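Since the structure comes first, as C-alpha cells, the remarks are kept for the end.
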Amino acid sequence: MAIGEVIGIWIAAILTFMIFSFLYKDNPVFKLGEHIFLGFAVGYSWCIYYWNDIFPQAIQPLAYPGPGLAGNWHRFSVLIPIILGIFIILRIVPSLAWLSRNSFALYIGGFAGMAVPNVISGVFLPQLTSTIAPLGPGWAAGLTQFVLLLGVFCTIVFFFFSLEHTGVVGKVGRIGVLFIMVAFGASFGYTVMARISLLIGRFQFLINDWVKGVILHQAP
Amino acid sequence: MTRVAFPMLCCLLLALPLGALAQEPAAGAGAAAPAAATPPPAAAEQPASGAPPAAPAAPDAVTGATPPGTHQVVPQPSNTLLMDRPSDDGTALLIIFNLIGTETTRIGAGVLLDGTWYRCTLRPGLLATLPTKADLPGYFGWRPPNPEAKVLTIDRYTKTNAAGEPESVPFEKDHEYTVRLVVVEGEQFEGFELGTTRTKEQWFNLAGANSLILSVLFAVVIMSFIYAARRNPNLFIRRIQGLEAVDEAIGRATEMGKPVLHINGLDPLSTLSTIAAVNILGRIARRVANYESDLLVPCFDPVVMTVSQEVVKNAYLEAGRPDAYREDKIFFLTDQQFSYVASVCGIMMREKPAANFLLGYFYAEALMLAETGSSTGAIQIAGTDALAQLPFFVTTCDYTLIGEELYAASAYLSREPMLLGSLKGQDVGKAFVMLIIVLGTVFSTVGMLVAQPGAMTGFDWDWITHLLSPLM
Amino acid sequence: MIEFMRRFLNLDRRIIYAIVFFCVLLPLIYPIRAKFTPTEEVKRAYNAIEALEPGSAIIISCDYGPSTMPENYTFYVALLHQCFRKQLRPIILTLVDYGPGLCLRGLKEVLESKDSQGKLLYPDRQAGRDYVFLGFKPGSTSVMLGIGQSFTATFPNDYQNQPTTTMPIFREITALGDCKYIVDIAAVGLPEFWLPYASAREKVPMSVNCTAVSVAQYYPYYTAGQFQGLVGGMKGSAEFETLVGMEQITGKIPDATRGMPAQNAVHIFIVLSIILANVMHISVRRADLSARRAG
Amino acid sequence: MQFLKRRLPVIIAFCAGMVFWVQYYVPSQASQDLLETFTASWAIILFGAAFILGVLSAIEHHWTKITLKKAGYGYSLVALLVFGTMILSGWFPAQPSIRLGGAAPTLSWGMLAATLCLLIGIVSAVSYLLGGNGERRYSRGMTALVFLILGAVGAFVIQPLASGYMLLWKVSNPAFIGQTIKPDSMFMWFFDHCFVPLDSTMFSLLAFYIASAAFRAFRARSFEATALLISGCLVMIGRVPLGEQLILIPKGVLVSWYTAYLHLVNLPVPPDLATTLADLNITSIAGWILNSPNSAAQRGILLGVILSQVAISLRIMFGIERTYMGGGE
C-alpha cells in the first residue's frame, strides 16, 4: 500500500472517531470535526461546480468555443444568464440586493410554469388511473383493489378540511388515520434500517480498511 | 357543499368530450388504413429468395421456432400505413402495421433519398417490444380501431459521411420521405414499400389536452378561492384538534410553573412549513402571555429568529402585557445541525420545559429532539410535513399535526387569504379525486361484470369501462 | 418487580449504545451467512434491465453522496457490472454535487475488475463509445428537461472535459428519448422529479434505488408501474448483488450482503427493546394507577 | 424604481411561468429550442450563480465571526482554512498530485499564493461592502486593498511572466480543454480520506439514537401510535433476512388448506399449486403491508401533495407567493 494511502486511512479513522465522540456528549473535538467537514464540503462543491457548471456552461462558450462554435454568434447568448447570475451574486451587497429578484423570478417562475403540466400529466393522472380498477375478478383481486381504494379514499378524507370530522366523515377519517399510521409504520421500519446500514458501512470501513488493512496488514 | 360540487362536475363534464377529441385522429387513421394499405411488397433491396409472400407465419408464432430442416419464412405485414407523427415538431413518421411474428422477429425501416436506400437509425427492434396503437392513446384515441396494430417511430437515418464514418441524420420538417418496412426473421429479411409521406410540424399537442383542461380548471378554482378569501376571510375550515391540544399543554405548563419551548424547524423562512410554524407561534405566544408563563424559542436561522421576535412581541402587545416580553428568550443558537440539536437538548435537560412544540420542517435530528423531550416528561406537540420524520414524532409526541394539517392549522389561525384560499381550492381538487376514483371503480366493475360470459350479452357495454378513460 | 422495571426503563443510554456497538461489530468480525431470497421489487428492476437489447443506452443517475454510500454505492457497482456484462451503454451523470467522486470511483473499480485468471473482465471499453461519465450539473429538473432535448447541449463536456459532440455514443443517442432505461440511484427526493420530467415525459421506463428512508414513500409509484423496480436500502442492494452474482464476479462476499447479519442483529435488538419497554411501561403505569387508587 | 424593485419581478415570474406552461403543449421546433436554451444553458448557469452566492455568504458569515472574535471563532478559522486547502487542490487545471514519490507537483506555488491573496482580498472586500462601522470596517478595507493588490500583481504580472499561467488560464495554450480534476490529485485524496468519512459518519450516529429511543421513547401511547409500532416492527423484521426464517404457516399447510377449499367448492385443483404458493412468513406479511395499505395511504398523501405543489406553483406565477424575493423594501 502506498504511503499516501496509509496516511489517508489513518486520517479517515481519526475523523470517524472525532464524529463518534458526539455520542458521549457535544464536545470540542466533535465541533472541530463538524467544521472541518463544513470546510471540505464547501470547498469540494466549489471545485465541482466550477469544473462541471461554471467553466463549461459559461466560460467555455465565450473564451474557448472549440472548433464547432467559434464562428457561431449564438454562443454569446450565454451573456444574458451570466448577467442575471451576477445579479444573483450581488445579493450580498444590501443596496443592490433587489437586482437578484429578477433573476430568481425568471427561474422560479419558469420552473413553476413547467411544474404544472408535467406534474399533472406525469404523476397526478397516472396515479389516479392506477387507482381505478374493477373490484375483481375473483374475491382475492377484488379485496386487494378494495383495500387500495379504501386507503386512498379515507386518507384523502382525513386531509379534507372543508368538512367537520364528525359523524360518518369522522369515522371515515379515523379509518384514514389508521391507513396513514400503517404507512408511517412502514416508513419508520425502513428509516431504522437506513440508519443502521450507515453504521454498518462505517464499521466495515473501520474493520476492513483500517484494522485489517493498515494495522494488521492483511490483504482485503 | 354546492360550491365544491359544481366545479367538480364542470371538470368531469368538460373532460369527457375530450375523449371524443382525442379519438378523432384514430377514426381518420382507421379510415385511411384500407386505402393506403399494402402497396405490393416489391422492390426489396434483396428479395428474400424462396420466401412465399403468402400466409403470415402463423405456425411459427405458436411454436416460437421453426422445425429443423424447413426454410424460415419471413412473416408478411398487413394493414400497413405510413403517416406523419401527430402532435410533434415535424421530425418523425409513424409506420403502423399488423404482423404476426415469432419471438425473434425483428423490425427495421429504410428511407429512400436521392435514389439510395438508407437504414433508419433504429436498431432492428424486436417485434414484441414495439408499442401498439392501444399504448398510445394520445395519438390514436382511447378505443382505436385495430388496437393490436404495431407502431414504429422513425426519425433518423444513418449515412456515411465524407470521412467514411457512419453518421446519424435526423429527419427534416416539411420534407417528403419514401419509406419501407423491413421484416427480419433469422437470416432472412424482406422489405415492404409503404409509399411517401411528408413530415409536418404541429402547434398543439393533442395528447396533453386532458392535463391542459384539468390544470386550467384547477388554476381557476384556486385563484377564485384566493380572491374569495380576500373578500371573506371566514371561509370554513374544520377545527384542527392539534390546536386544542396546544392550549391544554400551555395550561399545564402554567400549573407546573415551568417554561414552554417552541422550535420553528430547521428550514429558512421561505419554506411553507416554517411560515406555518411562525404563525402557530403567534397563537402560542398569546396564550403564554395570558397565562403568564415563560416562552423559550431557540432558533436555527437568524432571519427566522428576527421574525419570531416580531411575532411574539406583537402577541404580548395584543394580550396587553408588553412588559412581560423578553427578547433574550428568543435567541439564535447555531446553524450547525448537530450542534443545534445538542444545545436544544441541553436546554431541555436544564430547564425541563413542561410543553415542547416542535413545528416546521425537520431532518434527521427530529428523533433526537423528540426523544430528549419525552425523557424529560414534557407534553410534546409536533407538526411537520417531512414525511420521513413524522413516524418518530407520532411515537414520541403526545399530539402530531400530520403534513397538510400543519398548513391548515396555520391558515385556520392566520386567516391569510393566500393560505386559506389555496387550501379550499385544494379541497375541491381532493373532492374531484374522490369522486373520480369512486365513479371509476363503479364503472369499471360494472363493465367487468356485464362483460363476463353469461351476463347481459347482445349489447355492447364496453363504453362503461371507457367512460373515464379520456381523463387519463 | 415493578421497582426493577422502573429502574430498567431508566437504563443509561450508554449501555444501549454498547449493545448496538457489539450487535454491529460481532457479526462483521465473525461472519455468518444470512440467507435471503430476492424480493419481487428488486427482481423486477433486475429483469427489466436484463431484458434490454445489447447496445441500448441506459441512463444511470447517481444522486447520492458519501452519507448513504453503504446503501447506494454497492448497488451502483453491481448495476455497472450488469450493464457491462449485457453490453449496455451506461450514460452516467449526477445531479448532486457530492456525487462525482463516488461515480468515478465505482466506474474505475468496475472497469479495472479482473477475473480469477487476472484478465480484465471488460477489456477495451472506451469512454465516449461504450460508456460515458457526464459529471455533475446543478438544477435537477433543468438538467432532466435539458437532456430530454439534447445531451450535447446540456453537457458540452464530459467529466474529463472532453467535448461530447465528437463522441460516437452521442451521434446515435441524441436525447433522453433515445435511451431505453433510466435508473436513478438516489439519497434525496430526486426520483420524484425523474418520473414526471424524464420518464413519463419521454416515455422511458425507470427503476429506482433509494435509501431506505424514502422506500415506503415510493410504493405508490411502484404499484402503479411508474417505477418498474424499487431497490430499497442496503437489503435491496444485497438482493441486487445476489441477482447480478457479484460474489462470482469479484470472488468475495460483496459489502451489502456482508452487512446483512449485522442488520439482522440490530433489528432484533430494536424490535425486542420496543416490545419489552412498552410492556414494562404499561405495567409500571398500571401499578402506579392502582397504588394511587389504593392510597 | 419601485416598479423595478417590486413589480418587474412579479411580471417576469408570470411571463416565464406562462411561457413554459404553454410550451408544454406546443410541440413545434421553435418551442423545443426555447425549452432547450432555457433548461440546458440558462437555468444551469443561474443555479451555479445561486451556489456562488451561498458560498460567499457562508464565507462572509465565518469571516465576520473571526474578525469580531465571536465565541467559537477558532472553529470558523479551521473551516475557512480547510475550505482554502480544498480550493487550492482542486480549482486549478494542473493539480498537485498526492502520490508521494511519484510525479512532482506540476502546480506553480507562486500561483497558489497569488490566488490565495486574491481570495482573501475578495472576502474582506465583501465584508467591507457589507457595512459595519468604525475601526473594524477600516481594517477590513485595508486588508482587502493590500491583498487584492498583492494578488493582482502576482497573478497578472509575475506569474504569466514566469510560468505562462495567468491565474487559472494557461496563457500559452488558451484552449485547455481536457483539463479537469485529475483522479489521482490531492483533491481526490482529500475527498476519499477526509470528506467521505466525515459525511458518512455524521448520519450513522443516528443508529445509536434510534436504538436508545426504541427503548426509552417509542411508546404505544395511543391507538395511532400502536398501529404504527406494530406495522413498523413487522417491516423491520420482514425486510431483513431474518423475516424469511420466521415462518408462520408453512407452505405444505397452505397447499392442503387451499386444496381442501377447492374440493369443498368443487373446483379443479391447479397442478402448479405447489409452486405458486409460498410459505407465509414475516417477509410476505411485510411485503403485503408495503404493497397494499402503505401504498394506498402514501398515494392518498401523494395526491394531496401534488395538488398543493400545483397550488404553490400557481401562487408563484400569479405573484401571490413572493417568498423567493426575500425581505427588503
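Each chain gets a letter, A, B, C and D, in the order it is written, and its residues are counted from 1.
Definition applied: a residue touches a chain if its C-beta (ideal position, glycine included) is under 8 Å from a C-beta of that chain, and two chains touch if they have at least 3 such contacts.
These figures come from a predicted structure and were not determined experimentally.
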One chain's C-alpha mean falls closest to the whole-protein C-alpha mean, and that chain is A
If you tally C-beta contacts across A-B and across A-D, the winner is A-D
Chain-centre distance (mean CA atoms) for chain A and chain B, in whole Å, is 18
Chain-centre distance (mean CA atoms) for chain A and chain D, in whole Å, is 6
Chain centres from averaged Cα atoms put chain B and chain C apart, in whole Å, by 23
In whole angstrom, the CA-centroid distance of chain A from chain C equals 13
Expected list for chain B, residues touching two or more other chains, is 208, 212, 215, 218-219, 338, 387-388, 391-392, 394-395, 403-404, 430, 433
Chain C touches at least 2 other chains through residues 17, 20, 24, 67-70, 97-98, 100-101, 137-138, 141-142, 145, 157, 159, 161, 163, 213, 215-217, 219-220, 223-224, 232-233, 235, 263, 266-267, 270
Chain A touches at least 2 other chains through residues 22-23, 31, 34-35, 38, 41, 44-45, 48-49, 51, 53, 57, 60, 66, 111, 114-121, 123-124, 126-129, 131, 148-149, 152-153, 156, 159, 180-181, 183-188, 190-193, 196, 198-199, 201-202
Among line, ring, star, complete and other, the chain contact graph is complete
Per the touch rule, the chain A residues reaching chain C in their complex are 23, 41, 44-45, 48-49, 51-53, 56-57, 60-61, 66, 68, 111, 114-115, 118-119, 121-123, 126-127, 129-130, 148, 183, 186-187, 190-194, 196-204, 207, 220
Within the complex, chain D is touched by chain C residues 9, 11, 13, 16-17, 19-20, 24, 34-37, 39-40, 65-70, 97-98, 100-101, 104-105, 108, 137-139, 141-143, 145-147, 149-150, 153-154, 157, 159-163, 215-217, 219-220, 222-224, 232-233, 235, 260-261, 263-264, 266-271, 273-278, 281-282
The answer for chain A against chain B in the complex is residues 22, 25-26, 30-31, 34-35, 38, 116-117, 120-121, 124-126, 128-129, 131-137, 145, 149, 152-153, 156-157, 159-165, 180-181, 184-185, 187-188, 191
Touching chain D in the complex, chain B uses residues 87-91, 173, 201-205, 208, 212, 215, 218-219, 222-223, 226, 269-270, 272, 275, 303, 335, 338, 364, 367-368, 370-371, 374-375, 387, 391-392, 394-396, 398, 403-404, 407, 418, 422, 425-426, 429-430, 433
Note: in the complex, chain D contacts chain B through residues 21, 24-29, 31-32, 61, 202-203, 205-206, 209-210, 212-213, 216-219, 221, 224-225, 228-229, 232, 301, 303-305, 307-308, 310-312, 314-315, 318, 320-321, 323-324, 327
